[in-house]
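Two complexes, one shared chain (subunit A), two partners (subunit B, subunit C).
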Partner chain A sequence: MSEVTGTAASAEDRSSLRLLTHHWRNMPALAAMLVLVLPLMAVVLAALNGGGDGWRNVVETKLFGSTLTTLGLLALSAAMMTLTAVPAAWLVTQYRFPGRGLFEWALILPLAAPAYVLAFAYKDLLNVAGPVQSAVRDLTGLGARDYWFPDIASLPGAAFVLSAALFPYVYLGARSSFVNQSVCTLDAARLLGAGSKRRFLDVALPAARPAIAAGAALALMEVAADYGATSHLGVESLSVALIVNWEGYNDPGPAARLSLVLLTLVFGLFYLERLLRGRAGVQATSSRWQQVKRAPLSRWPALGAMLLCGTLVLLGFILPMARLVWIAVETQIVPDDFTSATRNSLLLAGMGTAACAILAIVTGFAMRRGGQLGRASRFAVSSGYAVPGSVLVLGAFAIIAAAQHVGLIDGRTVVVSLVGLVWVYASRFTAVGANAVDAALARAPASFGHAARSLGAGPVKRIARVELPIALSGLITGTLIMFVEILKELPATLLLQPFDWETLAVRAYNYASDERLASATLPSLLITAVGLVPVIILSRALSLSRPGRH
Partner chain B sequence: MVTELNDIRLEAVGRRYGGHAIVDAVDLTLHPGELTAILGASGAGKSTLLRLIAGLEPVSSGAIRHGGTLWSDTRHTVPAEHRRVGLVFQDFALFPHLSAARNVAFGLAHLDRSEARKLSLSWLDRLGLSARAEAYPHELSGGEQQRVAIARALAPSPVALLMDEPFSGLDPERRDGVRETTLGLIAETGVPALLVTHQPEEALRHADKVAVMSGGKLLQCAAPHDAYLRPSDPVVAAALGPVSLLGMFPVSDGRVDTPLGPLAVPPSIQDGRVTMGLREGALSVDAGGTIEARIVGAALPGAVFRVPVSVGDLGLEAVLQDEEAALVAGATIALRLNPRRLLWFQS
Partner chain C sequence: MLKKLISGVTASLLALSLIGCSQDDDTSFEAEERVVNVYSARHYDSDKAMYERFEAETGIRVRTRQSGASQLLETMRAEGGESPADLVIAADAGTLWQFQEDGLLQPIAADRLAGDLPALAADDASWIGLSKRLRVIVVANDVPEDAIRNYGDLADPRWEGEICVRSSRNIYNLSLLGDLIDRMGPEAAEEWAAAVKGNFARDPQGGDTDQIRAVAAGACNIAIVNHYYWHRLANSASEDDREVTSATRIIFPDQSTGGTHRNVTGIGLAASSPNTEEALELIDFLLSTEGQGLLVVETGEIPLDPQADSMAGLDDARNAATNSAPLAVYGRNQAEAREIFDRVGWD
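Let's look at the complex of A and B:
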């Protein structure tokens, strides 16, 4: 305390008053944190109480197989994504070849489409009656049983579809690291006799490993959490198993325990990455940025680079989307409930985004303020983000059951379901907005607040006139991303939506599951089209984000 | 690896970016056993010149040769990884994921692993870092990082050593020690060495030759003493130390009238106009002097006292060995001119 005047007693009064006001000021952040972590806590509680026959049955029949399937999915997609996206990122940052500028941003296009939409398209493209196999038969004259063709409805098939949809996370991580790596370090390696291969393998790649691992961890979390694509392709991962179990038995215990196994895998991934990193430093040792001078590639290597990047964009976006557009144009089917599904989607995404935005501002401020509360907020926000929607929705069910038990509500009415869904969305996606608010506030120097104070602004005015506008500026893109993520969300919406109140994502999934792909295309394409908006904003930001560029 | 030490010759080397010359027709030879320092303002083209020699950029005109081997011309560039040139960066550029020993061993890929490690440890030992061999860059102090960077550059027996402001990132206390060690090792290995620096004292004290660049051009390359006292250009004079420039004065019959009185110009100056430069110490306070001046401010103490004076309308600085005279602002004093500290530039 800087004040030295006044009696000891009055100073004491003032300090307890301060504590109280601080306490009150902390209330919104504490409430927000509770909202964020309550579904997860409910799942853990349900799991603790969830023994018995149901669980014994799961252990005997499902647990081992679906755990192994999830591990297989994770391993295969990790390999597919890193082996393709990392070299692609290296090529577009370090070399000149035809189409490089286009590929640099087109490689993130797959982020626009949810994995389940890709799964619909690929299952249609590659099944026995699909255009690819038909073409094979037409060309060779073979019958349907005369040749072997890889089955897309299999574990490797699901890994392929998920990798095609999610590799941009790995690409973005690798790319940002390669762009930000000191050119001096690569120059130093050259002068020490390292050719291009050794520079990539021994210098750039190890330095980029944490960024690649972070990108891969994000993508693999999505792989582990995926329900739509995996179940559409008939693969029973943990995420699928827990929803099937819940739908089949309506018993939260075993499903909650399965989700704990899933969560252990997800958090295990993070721990493994930290463990592997060890003591080796990864921060740049050279801080001078020089414009990356991309070396031109000669004919064959350039062709190879174009082939790699082109194939990734083709498989991750163009091919599946072209197929869906083709079907949509060919059949011209507009499902009856398309309008109502669109309205429901927009309404739900709007409500969810509003909830996320409010929580994001509250927790974002707490995160920036730091201290214990800040750390706790950060934990609450990111733990929600790491937990699959299929797990959170179980928590929502548990909370609804508890509320019903104590007589707070009369079962799952439309309002209860909608509130439950908004809660799950908030718990899952607030992180996006909160991090954006935190980043925006971090960019504003503390002297802003000091300046406002010296101009006579009290705490309320400071928040309203200075800090809130700064936070909102950061929240704009965050809001857009949250809106799109909610629009794409499938498992939670599928389970918790009110009866007869389907969204675009649920409609598309149900049609596709019923082998009515033509009806699923329009909702799928609409979701993807909306998903393109943040992707385009991101790709613009990407092209402007090179160090040394202002 | 036995390294044959040869000259590195730059012949009218130029580098242009989008029509703008960053390096313009530079002729320069780096001899084995010689340290050449390059001075110049930011953007003078020093670092680009160094990158051209290293092979990190192609030349737009001219040629670079190492002994009888052509390294760069407009059609041909030996890649940097094949030149065996050591480069030390201002910010060290150590590989963050490798220990000190493995950083040094990076350039020893032609040796087997144990030999490379042995050599790397012996270099670290020479630089007083044997205890830090297993430390990672972020665990090392700035001075230690730079010593590792120097060991890394010298370990593969380079044919030349290029240093881009290698000491400017260090604390002043560490700078002298690291510089001493580095320059000692360079002298020992006998490689031609090039040092880009912003500090004229560093260049004048340690280099065998001092080169000054401005606007991409190499203005002068000479022994430090010559460059300091006989700069070819006012820019060179200013780059190497404080100088007061007065001009332009008409010359007739080898003489010129200046505010400091009539003076004889060196025989190399022809009739026309000249600019006169006064190096530090050109004017000294001396009761027997012939130039009348007035003290205009407080003297700055130091090895010598530096007294701000005016001669007529001209503001200058004079030196005084001991503070025996009454140096009161406004007092009139006599100054003596030391002609050996005068610089003359033909306009």
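Let's look at the complex of A and C:
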């Protein structure tokens, strides 16, 4: 297919979408957006009332430093994640080397482990009294104050831990782009004499940039919103500062304002990225898919590839998990009964994911359509994702109070708490699914819709038979990730959990905050084990997926 | 493959939500049984055994919401008069004071309890102590005997670069400084805080256990911690943990000059408590010798009841002289303590 018809087809396809969405499809998208942003809107209202001494104190003592800290965390982890995960994705998609098949899926394993669990493990491993530094002292005979050792409880330390936990987002984005890139483009580059380095830097990378940026955006929003890991490592980012201030001064108003600062910062950065990318886009002009022919790597490059991928898996998953298992064994911790906590975690994650999935489909379609509604949808899903869960709960509290006030609900029952919690999950995590739906729709060759049209399919049929299945294929990935993310969610669950509804994440956090890491190991390992199931399904789906076959 | 996945995932999600709904129905039966709703900032597995014992004895079911104290405070505040909470259990008088200040608690009437009200309580008994904890000094074994006897000694410049302590945002430090403000006056307390800050070995990080481990590892020689963290290490199954305690020792400060700073794990009666009778029965149980033992056996705290069991090796702590100021002082001086910490730069 020539370039001209390719673009024309996609434009036409979009206009057909617009035609029928004008009438009835705006409503669901608007409703979904309202559901998504309502908690945040309630927070904005709270922020307007958040002045006074508390806020003045924040501005004078914390605002500047915490903003710099958040910027530093974002910059460092962005660098760490992209410089490792993108090359790793390129290597596993384009080359053959020992262990490649294993690494291709093992590289997403860190998704199963919450960042705060990694923080527990790394702080224990690397602090002055931990096994690593003790070994250093034993080997060298030096005292604890006679040598320099990188401090894990520091900004770079926190960036390292967050990157180790979140790089799979970047890897997934880059990988899907490299796999789906037309082999023809790369073959053409090869025929034109471009070496492997140039094919990567000048052909594949620019084409993959939007996907990498999307993956990095998800990871960086998590970084910006993270509370558990960052606070455990004693780093006062904006999201930590807002909660510390909220607790310290018993006033959620300044916290609401700080969350707006955080939001502005994050959106500012994404806007900047988009601005820098400019209007440059890469139009996939060929839909001729071929089996990717992976070039074999010779000995040293292969070793380098194994080393890079192996290190990532080791640091993001194996090492911290092994340490937790070791602690559990060493302290002979008596396992408590975690069946009800596991059941609660699964139930909440299930209900939350269901809500997210529905909202993601609706907003994902709107996002692909573009225009004002699309931009608004993009903003609606992303805004919740960049805000710590505890801030959204603040909004949920306000909404529940208002509903109670007007007599819509009667008292604070388990159901109210559960609905509130699921709502907050939806507001927080729909971005993952919506982006996946959007990406799937974007990747689908425009000719699909075109063919359906020429076969006489009406707009409704085209949506039902062509676009919806494509969107669902994207949603599968999104759903699995959202499930794992909700499983790991902590701050909102801590605030809104109903009676006797403790989840694994809450158990792990409660133990750790009581300084009983040994007891925290079991629920931490259990969350990871439960999270591994969807992550492994995801990796299986990934390694089976080929271009043109979703 | 894909279709199967989609239908599989959808089916399991549906099933999960259905189970979720049937879960909710449980609550409709609860009106008939006697329950007490506890908001607890304590997270010990032994608490479960404690509540089960209470249930077995009284037939009253204990339902808990376990979270951090500040999350519980925020939740209760949002719930207002609708809150299902009957009781709040939290460590540190300063924390319980925050609940009291927010009007979330009501006085516990002494004549409705089986025994006497404990002396360690809020002025109006809207919360009462259940067990005691001491804020002590842990030093490396090579710190000379008698080199440190009082909190005031920590301000001595000879300890420059020797002190490890956690963040000043932690309530334990806020209450300690609140106590010292009461003992020496705000100016002297600020001088003390500034001097101690000047003796830091490192910026505050981690919890109390981390400070003890840092002393054992040689990163500093002195730590300010709650006593039970040391005792838990001493009773740990891990040999490494026990080695930490054999390399260090506890000093109970101010034995002849006002006493070691004591604090409590306490319980408050919620202002809107829907099950007050049941709540008072649980308080009775927790103050009984049996309840006291169950409360502290895993935590290493000191029971208020001298007859009650406690963790092994606690004799010195149980016999130490403690300060006598009313616990309400810690709460009243909390804001000033926070300001002092901010001014002297103790993060």
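Descriptive notes on the structure:
Criterion: the second predicted complex is superposed on the first by the 360 of 550 C-alpha atoms of A that agree within 3 Å, B and C clash if a C-alpha of one lies under 4 Å from a C-alpha of the other, contacts with A are read in each partner's own complex, and residues count from 1 in each chain.
Keep in mind that, in the parts below, a contact is a pair of C-beta atoms (placed from the backbone, for glycine too) under 8 Å apart; a residue touches a chain by one contact, two chains touch by 3 or more.
The structure displayed is predicted, hence computed values, not measured ones.
When both complexes are overlaid on chain A, the residue A:189 reaches subunit B alone and has no touch with subunit C.
Look at A:293: by the touch rule set out above, it reaches subunit B but stays clear of subunit C.
Look at A:141: by the touch rule set out above, it reaches neither subunit B nor subunit C. Residue by residue along subunit A, subunit B and subunit C are tallied for touches, and C comes out ahead. Touch criterion met: A:207 reaches subunit B, while subunit C stays clear of it.
Contact with neither subunit B nor subunit C is seen for A:407 once the two complexes are overlaid on the shared chain.
Once the two complexes are overlaid on chain A, none of the subunit A residues touched by subunit B in the first is touched by subunit C in the second.
The residues of subunit B lying in touch with subunit A in their complex are 51, 54, 56-57, 79-87, 89-98, 106-107, 109-110, 136-139, 145, 152-153, 156.
Those residues of subunit A that touch subunit C in the complex are listed here as 61, 123, 127-129, 133-134, 137, 143-145, 153, 234, 244, 246-248, 250, 252, 330-334, 336, 346-347, 350-351, 353-354, 357, 397, 400-401, 404, 411-415, 418, 472-473, 476, 479-480, 494-502, 506-507, 509-511, 513-516, 518-519, 537, 541, 544, 550.
On the subunit A side of its complex with subunit B, the touching residues are 182, 184-185, 187-195, 198, 202-203, 206-207, 209, 279-288, 293. Interface of subunit C with subunit A (complex): residues 1-2, 5-6, 9, 12-14, 16-17, 19-20, 23-24, 26-27, 37, 42-45, 48, 63-68, 70-71, 73-75, 78-80, 82-84, 98, 102, 167, 169, 201, 203-210, 213-214, 216-219, 229, 232, 236-238, 240-241, 244, 338, 342.
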